[in-house]
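Residue numbering begins at 1 within each chain, and the chains themselves are lettered A, B, C, D and E in the order written.
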Amino acid sequence: MLISNKVRISSVIEGSWTYFLIDFLTCSVTYALSEYFNIINIPIPALLPTILGTALAFFIGFNNNQAYDRWWEARKIWGGLVNDSRSWARQLLFLKKTTEEIQGEDRNFIEILVRRHIGFVYALNRGLRKSAETDYLNFLSDDDFEYLRHESNKANAVLNLQTRDLNEWYQKGKVDGFQFMQLNQMLINFCDHMGKSERIANTVFPTTYNYYTRVFVWIFIVCSTLVTAESIGVWSIVFGTLIGYVFLTIHKIGVSLLNPFEMLPTGIPLNLISRTIEINLLEMLRDKNIPKQVESVNEEYVL
Amino acid sequence: MLISNKVRISSVIEGSWTYFLIDFLTCSVTYALSEYFNIINIPIPALLPTILGTALAFFIGFNNNQAYDRWWEARKIWGGLVNDSRSWARQLLFLKKTTEEIQGEDRNFIEILVRRHIGFVYALNRGLRKSAETDYLNFLSDDDFEYLRHESNKANAVLNLQTRDLNEWYQKGKVDGFQFMQLNQMLINFCDHMGKSERIANTVFPTTYNYYTRVFVWIFIVCSTLVTAESIGVWSIVFGTLIGYVFLTIHKIGVSLLNPFEMLPTGIPLNLISRTIEINLLEMLRDKNIPKQVESVNEEYVL
Amino acid sequence: MLISNKVRISSVIEGSWTYFLIDFLTCSVTYALSEYFNIINIPIPALLPTILGTALAFFIGFNNNQAYDRWWEARKIWGGLVNDSRSWARQLLFLKKTTEEIQGEDRNFIEILVRRHIGFVYALNRGLRKSAETDYLNFLSDDDFEYLRHESNKANAVLNLQTRDLNEWYQKGKVDGFQFMQLNQMLINFCDHMGKSERIANTVFPTTYNYYTRVFVWIFIVCSTLVTAESIGVWSIVFGTLIGYVFLTIHKIGVSLLNPFEMLPTGIPLNLISRTIEINLLEMLRDKNIPKQVESVNEEYVL
Amino acid sequence: MLISNKVRISSVIEGSWTYFLIDFLTCSVTYALSEYFNIINIPIPALLPTILGTALAFFIGFNNNQAYDRWWEARKIWGGLVNDSRSWARQLLFLKKTTEEIQGEDRNFIEILVRRHIGFVYALNRGLRKSAETDYLNFLSDDDFEYLRHESNKANAVLNLQTRDLNEWYQKGKVDGFQFMQLNQMLINFCDHMGKSERIANTVFPTTYNYYTRVFVWIFIVCSTLVTAESIGVWSIVFGTLIGYVFLTIHKIGVSLLNPFEMLPTGIPLNLISRTIEINLLEMLRDKNIPKQVESVNEEYVL
Amino acid sequence: MLISNKVRISSVIEGSWTYFLIDFLTCSVTYALSEYFNIINIPIPALLPTILGTALAFFIGFNNNQAYDRWWEARKIWGGLVNDSRSWARQLLFLKKTTEEIQGEDRNFIEILVRRHIGFVYALNRGLRKSAETDYLNFLSDDDFEYLRHESNKANAVLNLQTRDLNEWYQKGKVDGFQFMQLNQMLINFCDHMGKSERIANTVFPTTYNYYTRVFVWIFIVCSTLVTAESIGVWSIVFGTLIGYVFLTIHKIGVSLLNPFEMLPTGIPLNLISRTIEINLLEMLRDKNIPKQVESVNEEYVL
């Protein structure tokens, strides 16, 4: 997530100089060729870039809309995960409270369920970002680790363990039916958040949209240069480059939001959110070692 | 689902050469006729393609929006099916866990309910794609098969069996009321996912939209050729073809998403998702024969 | 619901020849008058149709969006009705299953509740389409008929009967609290589907939108004819008619979706959906007389 | 809610003649001044109205979208209120049904809860429309009236009474836990419908949108007149007025939907819907005095 | 929330004079430079501002849409908080009602839970606005304060206390399972409202959108001035300034809605809503000291 409202000129240039250059070269070559082959005398109608421009504006606008929607949906899913994580821990923590604090075995059991949930969040985070890191194991016991070895989807397997233990407590009468239903509902919700995240991460946005957008933008750039070549001569390179830069940039912004779970500055800050959950839950457990919040990179973005 | 970000030029050409050719021929014939009948001297106002172009951009944009929404809704429905399938298996699997593993009859019963659910997923998949394949029978017993024979909607009939058996267990006291409610809710959800999928598969997008879009695009192409015929002569064929190609392509992309459950490269990868569910559920059952994930076709798309 | 992808030219002409003719006459009269009164010499600026065209494209686009949304929402509601109907029958049918089939009084009772629900669906169908048909009575007993006589909203009254009988069974202990809650929830859902359908059927789309759209389109047609009268003479009639035809058609398509529950080829196929529910439910009851699916009209649409 | 599809010319003129006149005067004064001060010779570029027109079309289109969404959301909320009102009455009415009709105290109690709900609907209606009418008191007892005196939000206070009585019945064992949960859920829903209605009624649409839209439309009108003054002379007044009329009208239509709960012909027909609920519920109670449905005003709209 | 429909000219000028001035200066400098360097003779094609204008209209329209959606979603969340707050208090207040009023310890307990909820609302309000005010402590006991000291997220910690006490009452048998479930659900809802608010407050809208919008608008302004410099001379400054003013203003309106929880006139009136909840809940408790509603600032907006 980009956090600084003042995007630095340097990082803008860094991000866009390659396609700016290609844009400029394309326009220059187009102009040179049109001069050389005398195409300049063929009066390409001004209609062409006007109509193409309108069509492209619609098309790129459509792409941006869908990209933003994916991004915002992704953010909502992880927001829902934060909410349910807090409710999960809260309900467990005060489950057996009569007047005194819960102690002994019960307290132990609750700690396991809460810590293991932090493990679930990190496992999901790593899975979505296709990272090999296994820091989620810090929140799991050795038995849990053994169980996970047989499963390909680690986060899903952690939910199995949570369900197993919750049912065990239910069988032992430590939680009653009403409490069981609401806690079990939380586990179903976690499964939903996981599946929804995977849906966004694994569903490729119809590639034809991006592909043809790029094709049409380049056609548009060439046409724009040609159409003005006769009337304004070499200045048509400036004209074409400028128009092209605007359309390319808007297109790129949309594309940068399409895969919100990737390790990109414009993505959803999974690390930040995971850490927030960790801090919230450990504070609830009155843990002594609360980790620090994730820091931003150059005060520009968080991951 | 298309998976490769680099759409190959060859497959683009393959996909669009027919209507590109028709587009080109139309423009050529238009130009020839206008020359021959001297229509070229009737100065068709440049206003015509401008206004038509704007109107068409709106119209095609509208179609693309609705098509994408159908596609994404279809993806969400099957994403929900994945989530609920996992929750279904998970809840069953740890239902009677006290401390030791479930054995004997109970284990058997759970296996039946989980495997039969995989059968439900495949039956729904085949039904939506109007395929005659009956591979879903692999996950059903002979009695189940007998029951299905009398029903036209196979997936729906599988849900009947699941409901029957769940109620039987409830009557026998193997699940209590709270567990029954949550498991039954899963069956209601499956019925919803099924019905929603059928709704998208069976509801034809208002055909007038596609029909008139095509009519208007061709009118637009002819007009664009005519309007520039006088000023730029034979180059108007290039102009008309180009403009037409852009509008036709955008329209086609939308159309290719309209029926997301068909066996198309741009459709929802039902086979992939069904297999994912199968793998997840069999892993949970600690089955020895986990099938492989569905492979992509030419690394271009999965079905 | 239109079902044929190949709209026949004949039905297109049938559907649009009246306003095409009016369109043509308007343009002709406009041209004749402008000639006669010499308005032709007043150079109406080309700006006018351009700006009006853009504004109209937005306006008609807006109308089409809302119309489509009403149509799709209507389809979703009846899709939800299908799903809940199946779940309703399924839950009832396996309610008291121990090992043997339910027989005698209980079976009778279940049959009544399932068949009466089919009656509910048809009563709602007829009510929404303001039809006087009373074929829904076939699914009701004489006592039910007596009850319905005092009520103006027949579908709503059928739900009263269902609620009454469900509560009776609950009092008798034939269903327990958990089952009662889920079955009662289905009845609440049916009431929601009914109310939502009535909302769409009875809420007139703000008439000002359609009225002014038509006014503006005709102003636009007259202006378009006038603006080109000087430069292209009598050809301006063709120009005006063409532009007008495109805008009128797009507008008409939207309007045809505005009232999705009416007996129109473009409406939601309530008869088809009602029959689907009937077939599904009768099959579940293992009824011998399964009716045929509703047939399409000329293979063009179903009602 | 406007109900007549044929908007009468007279009411259109009535509704729009003031701003039409102002529009006309503005254009006339603009033209006169430009003549007098010789501004007519400054060739204002045609670009200005084109670009402004496109920008305005977007802006007004945005406003219309949001206005329609508020209107439709308001309609949905009151549609939900209808549905839940029916379910509320239905569940109460058949609560204690065994085989004979409920009589005596219990019947009395149910009547109170159902009638008081009608009072709730009218109290909410009056509150939203800031009306001082107290006709909702007809559905309440004297004790209820006493309770309401201390509360500023009458509709909310009625819900307190409903909750109090429902809990009383629950304590007495007249409804069991499952029934209590579903009935209580209805009361929570009513509270939601109430709060959502208040949200729409009390949240002013960001005033800057309407304000600047108006400013820009007038700038646009003046520019359009000036830009054509040189080429078409005094006809530019007609031109400016026409363009202005279209944009102003579209803007006004949107504005008329912004506050859907006000006593406007274009608003949501709260009186009609309240009466529908009243009729439905009284019919269920088999009341003898069913009031008539609210009548339309001049067959043009209902309130 | 802006409340006055008549935005005062003074406050408009106040709000926009800076960028109006910069806009004017930019156009003047552009014109001066083009004169001085004779750029005026390079005929920049009119195409440039037309195409840029359309693209920008789409882009700014997109930004406004997303901004408005954030604003409206924020309003919905706090509207939901109002609804659930009322339901929370209502359910507690009539929890143990048989026929007489609740007295003594039970009444005490209920008062604590209701007042503490007001504290939750204020704590959330302050947290979202990053205010250091601790007025929420007025609604908490000393013990509560002690508990809060260890937690960084105060609002979340208040929910812990509510959960703890609700579970205590449940253990003591003062609420039964059904009531517990519904009350606990309210606490889960509060947690959701809190998390959703934090999501909107802490998720920066992709900064690239705002950054590039500004860049493109300034490019657009410079181009518009240059393009008309030749034909209309020094009047091009007026032209450029006007066009720029319109686009800049529309952009600024959108930006002002992007962070709806900040202390801005255009933000969501958290203070007003919090006070509404406070008044509603205290009235229910029949408290003697009902505070006044928050007053508007200059009758222009409420915070």
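In the analysis below, contacts are C-beta pairs under 8 Å (C-beta built on N, C-alpha and C of every residue); 3 or more make two chains touch, one makes a residue touch a chain.
Bear in mind that the values here come from a model prediction, so they are computed numbers and not experimental data.
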item	value
Subunit B to subunit C, fewest steps along touching chains	1
Shared interface partners, meaning chains that touch subunit A and subunit E	none
Set of chains whose contacts include both subunit E and subunit B	A
Rotation angle (°) superposing Cα atoms of subunit C on subunit E, nearest 5	145
Type of subunit D:subunit E copy interface by residue overlap (half), same or different	different
Rounded Å distance between subunit A and subunit B, as computed from the means of their C-alpha atoms	24
Centre-to-centre distance between subunit D and subunit B (centres being mean Cα positions), rounded to whole Å	38
In subunit A, residues with contacts to at least two other chains	50, 54, 57-58, 61, 177-178, 181
Order around the closed ring of chains, commencing at subunit D, then subunit E	D, E, A, B, C
In the complex, subunit D residues that touch subunit C	1-5, 7, 12, 46, 49-50, 53-54, 57-58, 60-61, 64-65, 68, 71, 75-76, 79-80, 82-83, 86-87, 90-91, 93-99, 176-179, 181-182, 224, 227-228, 231-232, 235, 239, 242-243, 246-247, 249-250, 253, 256-257, 266, 279-280, 283-284, 286
Interfacial residue positions of subunit E with respect to subunit A in the complex	42-45, 47-48, 50-52, 54-55, 57-59, 61-62, 66, 150-153, 156, 159-160, 163-164, 167-168, 171-172, 177-178, 180-181, 184-185, 187-188, 191-192, 194-196, 198-199, 203-204, 206-212, 216, 219, 223
